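The following pair of complexes shares a single chain, chain A, combined with chain B in the former and chain C in the latter.
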Partner chain A sequence: MLLFLARRIGVMLVTAICLTFVVFYLTNLPAKLETLAKTQAGTRISDAEVARWLDRHGYNQPMLVRYGEWLGVVPGWVREEPDGTIRGRCVGVRGVEAAGERCGILQGYWGHSTRFRAPVGEVIGARLGATGMLMLWVLIVMVPMALIVGILAGMREGSRTDRSLSTFAIASTATPEYVSGVLFIALLASSTVGLSPLLNQWGLMDAPVLFQGNARSALEGITFWNFTLPVMTIALYGMGYIARITRASMTEVMTQQYIRTARLKGVTFPNIVLKHALRNALIAPFTVIMLQIPWLLNGVVIVEVLFSYPGFGWTLFEAAVNNDIELLLAASVVAVIVVLLTQLISDIGYVYLNPRIRVT
Partner chain B sequence: MTDFQTAKRAVHPAARMYARECLEGKLDRREFLTRATALGVSATAAYGLIGLAAPAARADTPQEGGELRIQMDIRAQRDPRTWDWSELANVCRGWLEYMVQYERDGSLTPILLESWEANEDATEYTLNIRQGVTWNNGDPFTAEDVAHNFERWADASVEGNSMVSRMVAISEDGRLRDGAVEVVDEHTLRLHLDRPDIAMIVNLADYPAAVVHPSFDGDPIGNPIGTGPYRPVSHQTGIGAVVERNPDHTWWNEGNGAWLDRIEFIDLGTDPSAWVASAEGDEIDMLYETTGDFLDIFTAIGMEQTEAVTAATLAVRFNQESPPYDNRDVRRALQMAVDNETVLELGYNDQGVVAENHHVCPIHPEYAEMDPPEYDPDAAREMLEEAGFGDYEFELISSDESFHTATCDNVAAQIRAAGITINRTILPGATFWNDWLTYPFSATSWAMRPLGVQVLNLAYRSGEAWNETAFSNEEFDETLAEANGIADADERREVMARLQQIMREEGVLIQPYWRSLFRHARPGIHNAEMHPTFEVHYQYYWKS
Partner chain C sequence: MEQLAWLSIIGRIAQQLLPVWIALIVVFALSIRFKRRLGLYGKLFDSYVGMVGFALVMFWVFTAIFADFIITHDPLAQLRGMRNAPPGSALPTPGAQYPHYLLGGDSLARDVFSRAVMGAREVLTIAPFAAMISFMIGISLGLPAGYFGGRLDTGLTFLANLVLAFPVILLFFLLVAPEIQQTAIPTVMAGILFLVPVLFVMVLLNARYFTQPLKRNLFVGAALLVGFWAYSGLAFNADPLGVWGMRANLLNVFVAVVFVNAPTVFRIVRGITMDIRTRDYVAAAQTRGEGPWYIMMWEILPNARGPLIVDFCLRIGYTTILLGTLGFFGLGVSPESPDWGSTINDGRRLLTVYPHPALVPALSLMSLVLGLNLLADGLREESLRD
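After this line comes the complex of A and B, so read on.
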């Protein structure tokens, strides 16, 4: 078990290093650095000013050296201004005494976001928290719904319940978020079209709209009113997929010999489903649910941008369009960790769901 | 802003001349007010010169208190003199004030100045600094502080300092000329210009000209020392900013503003449908600007529309350093393939006035009347073929902002209709503006400037920081310098005619229309009408 863990963590580190190097290389191409200088010093600055800005901020060293600085294996750059003040990578973090020391990931320094003008750790922390809340609610809504739909459909393959629930699951997973999100907003969050004007007319509702079509206020406080639409948009899309997997797994289990034995022995149908079939049928959906978590983290860009909810996906989008090097690097590290960590959890989870599987 | 009592003094002779022109109909009222007040005549006196009473002070009594939520882009803050977006300035207006303020009717209101006077040929300005103003850290506001700001504005060694080009007449070798700013006493300052500059005072109302404390270190949020009644609470790029009334500071204009307790700016991205959703959910009270098809939508959901007629525009310009646009015939041909009236109608819902491809607006005092630009798609096609670009595939780039896209789509459609191959590229707002100066063929929105020569100075003079067309023409530069020194509108108009003509002959840009600007706000928000230069003077807004 320990060896298994150590190997997994090793893989995680190697993956993170490879990925960050690729991101570092792509964001440090000369044209990208020019973009960065322009967003920082003024969109309308000249080429000479760009060069001066890059030089003053330590961007004109070889790429590998700067990657080393970011990792914390190479001492940070130091530069003395004509007026005697000392500037450097570490000066901003730990003061002038620290000039020329190492300060990178290894020292626990994640860098500075040029887009948000704040330490990367702070930005990522706050945004991960916001996405975390969104994910939590999505999982709370999505997983039970998906499992129930999947199990009900898979119990009796080919029945009327199965057909109708499967149709629903396929329809929901075949509708991308940018379609369902817009439909939801039009139907439920507009005072001129959809349901809200009708409800108002019938006197069933005082507020102009049923739900909020914008989740910005959820940053300060999540309410049923402002969070329902983004949660439903994501949950509906993920739900159909998990439900389909659960159904497939359930129908397969229901054809097993031991289920037939149980039936012959006179066990009631609900007992067969709950006590004999369910546990075995959950292995496949469990992996899929675990795979959904990294998807929720990185794949919610569209929903977060659509509902202006500043979470991790939104931050990734902002960092990418503004070439915010250190924020992008940190985001990729976080993404690698989350993907591999959820896979680790699902591997360990198998052992408990099926005693025949061993982790070695 | 009630009455600003200024000592009675002789009215500047040029102002009398302008008044005459105004009465003769050569100058419209708005331009007259801009120019007369720029010469130190109070707005009330200026109205008097043309035989009108100044607009009465507002009838309602403002109510104190309340919170206002405004949808607006929140960009990373930096030193005011390097600001490149009026949104940056709007956040800070509550504590960083200006020497003068440009009003919706085209007049100038003194803010940190009490009054000013120009000499006959506009080479010497006497500025009377307002008395009784203090910084919010307790320091008194003096002429020395203003002199320090002039020094900052004239400093060309700062990357992106856009005030430099407005301070040319008092600068030398990239810094303030010795003796150009003379501190006469604690509240009087004299500017000695080395050439006439009629736009000197108007320039001080431009958004990068926020007045900062001598201890200012480049971060207006972290170090919010200013003279105004508000202070920042939080500022998060891309998300929002909160400003509240400063309880520890006595504002010089106490009792005439600072009604609201708290102002929250919310950045909802560039997609107006997100703004609609947010307004429907009662999360915003006011928009920074409403454009295009969304005007009707916001009106339909119960918000009130205000309009400002301006000299703001969308410049669909060529960069003359990038082939094939270094060829004048190519530029002229593309211009000729586009009918500006159609662009205005289909690309901008007819919410403006047709423009004539030379970036001088009929509302500018020195505008010289010209024939409409030539429109002949067949000739355009022929001209291109002669120039050897008959089969060339052109590309028109724009940002994803709705009216930019719609306008450029229409321009491209007309060029295509003339039998020329052209592709459209739409870039997201955040990426687009990183390279706006260097795209070969793209569209840039320009805010209005009160005088016609001002944009020409900023955008078309050789080597200027914001010269996105890479236009460099000796005759143009010389003529422009000449125009900058002529205070008389009629005299300047003659020179201006030549400038406008050069712009057209050289095919510098396709400029389809002058924009009217619109803003929506909920009923009961006062003084928040759309401003021609996008200014949000939230220190004077109030809610009922």
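After this line comes the complex of A and C, so read on.
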């Protein structure tokens, strides 16, 4: 087990280094640096001035060296200006005496966001908290619902319940977040169409809209009315897939010999499902739920942009749109780490839950 | 001119879609009549789910084909006084044009109905094509990885996992940006990605006919000629005759979508190959002295077709969703483009006041993907039955 873990973590680190380098390369292309120079030093500067700006800020070194600096394994660049002041990668953070030391993400220095005009670490930290709340509620809603749908559909294969629930699961996988979000807003959060004007007319509701189509207020306090739509939008798309895996796993378990034995012993059907089938049927969905978390990240970006909820996904979007290189890099690192960690947990969990798999 | 009521809007839309209905009826009548002779395709018509899915997919396919006859207005034309017009609004000065905006106007006073119909054409030209290229790449790499195993397998699997560990959305933000289009990256990637299908077809034909040199030279030569003709146009926009071509932003989108999809296909093909490799007919072919590429292409691949066809349907749907995501973030599409994702994006700003410009493409996209998923489900059920 330990060897297995060590090897997995080793592969994970190599993957992380490759991925961050790719991200670094793609965000530090010459064209992007030129855009950065223009946004920082003025849009109408000439090509020579752009080159000088890049040179002054240490962007003209080879890509690999800059990647090393960013990572914190290569000493940061140092430059002495004609007037005698010393500039350098670490000078801005830790003062002149730190010139020439290493300061990258390994030392905890994530850079400065040009979009939010604040240290990247702070920005990401605050936004991750907001997204954490969103993800928490998504998982609370999505996982039980998906498991219930899958188990109900899978316990009697081919029945009418199975058919209708399976169709529902297929429909939910066919509805990406930007479609269901638009549908929800038009149906429940619009003051001119959908349900809200009807409820108002009948005098059942005082507020102009039933649910809020904008989740920004959820930062101060989460209420049922401002958080339901974003959570449902993400949960709906992810649910179908988990439900289908659970159903497949459940139908397989229900044909096993030990289920037949239990049935012949006279165990009641609810007891068979809950005590004999459920535990074995939940192995496959567990890994799928873990692997689904990276996919939720997609949904998080779309939903946070659609409902203007300033979380991690929204930050990623803002960083990409505004060419905020260091923020985008940091966001990518976080995203990649989340993906790799969930993969690791799902592998370990699979081995742990399924004693038939031997790790050697 | 009066504003139309909902019933007459539906009636008029149905009337505009007349060519689609006729084509659908013809296809269904013929298919059901001859379903016993049509193999897996015919069996689809035994399953209710499969038929519904097929009908939805074919509806959009025919809509895309006949789009020129269906649209009521130029999808790019902006008519005065029709900004955010509700569905069924009459034009103030119709002239010779169609007198109504059947599904209303968007925020730039364009016809929502015509844009949704033209959007079907945009989506259905890219999505199946991208899925096909992804499949060819996944198959060409997955077959040897699964068949030979060893170091080749380890390396390719690591690369595939590398791409899969990338959050899709991040990859899109990085790969589909205006700055990237100025660099050589999309062209180089397209050069590699589009080369694989050409090689795939070549190896496929060569493995089959290398015992008959005359036939082999003819087939492989023809495939090479057509392949490199298309290749030069698609990847480098250098087709001497100008038949094949792709705009820079479209190429960028295409490359990104293929790049995201191919590793998943690779994993599926590799898994199936490892399973089929141990079968008796593969051992028989090996004993016969067949080469590895013949075994992979003509023994293993045909026997893996069931799950691959099912996954192909799902993948077109998923590609449609991905294209919609790109459009939703305004990445890589021209601002005027009527594709569904960017139309949803345009419509979402005024969503709570004028929902129709965003709702129409949203429902269109959902119905197409739903159709593809139901079709895949029906195919899976029918292919498992025998």
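One rule holds in what follows: the second predicted complex is superposed on the first by the 342 of 360 C-alpha atoms of A that agree within 3 Å, B and C clash if a C-alpha of one lies under 4 Å from a C-alpha of the other, contacts with A are read in each partner's own complex, and residues count from 1 in each chain.
Definition applied: a contact is a pair of C-beta atoms (placed from the backbone, for glycine too) under 8 Å apart; a residue touches a chain by one contact, two chains touch by 3 or more.
Keep in mind that what you see is a predicted model, and the values were worked out from it rather than measured.
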Contacts of A:Trp53 with chain B and chain C, given as first, second, both or neither: first
First, second, both or neither for A:Ala171, with chain B first and chain C second: second
Which superposed partner A:Leu306 touches (first chain B, second chain C, both, neither): both
Chain B versus chain C as contact partner of A:Leu316, first or second or both or neither: second
First (chain B), second (chain C), both or neither touched by A:Thr35: both
Touched partner set for A:Thr43, first chain B, second chain C, both or neither: first
Which superposed partner A:Ser249 touches (first chain B, second chain C, both, neither): neither
First, second, both or neither for A:Ser332, with chain B first and chain C second: second
Which superposed partner A:Thr228 touches (first chain B, second chain C, both, neither): neither
Contact breadth on chain A, by residue count: chain C or chain B: C
Chain C-contacting residues of chain A that also contact chain B: 35, 185, 189-192, 209, 213, 305-306
Complex interface listing, chain A residues touching chain B: 35, 38-46, 49, 52-53, 114-117, 185, 189-192, 207-209, 211-214, 216-217, 219, 226, 305-308, 310, 318, 321-322
List of chain A residues in touch with chain C within their complex: 11, 15, 18-19, 22-23, 26-27, 29-32, 35, 166-167, 170-171, 173-176, 178-179, 182-183, 185-186, 189-194, 209, 213, 294, 297-298, 301-302, 305-306, 313, 316-317, 320, 323, 328, 331-332, 335-336, 339-340, 343
Complex contact set, residues of chain C against chain A: 49, 158, 161-162, 165-170, 173-175, 177, 179-180, 182-183, 185, 317, 321, 324-325, 328-329, 341, 344-345, 347-348, 351-353, 355, 358-359, 362-363, 365-366, 369-370, 372-374, 377
List of chain B residues in touch with chain A within their complex: 76-78, 82, 84, 159-160, 162, 236-240, 266, 268-269, 273-274, 276-278, 280-283, 300-302, 428, 430-431, 433-437, 465-466
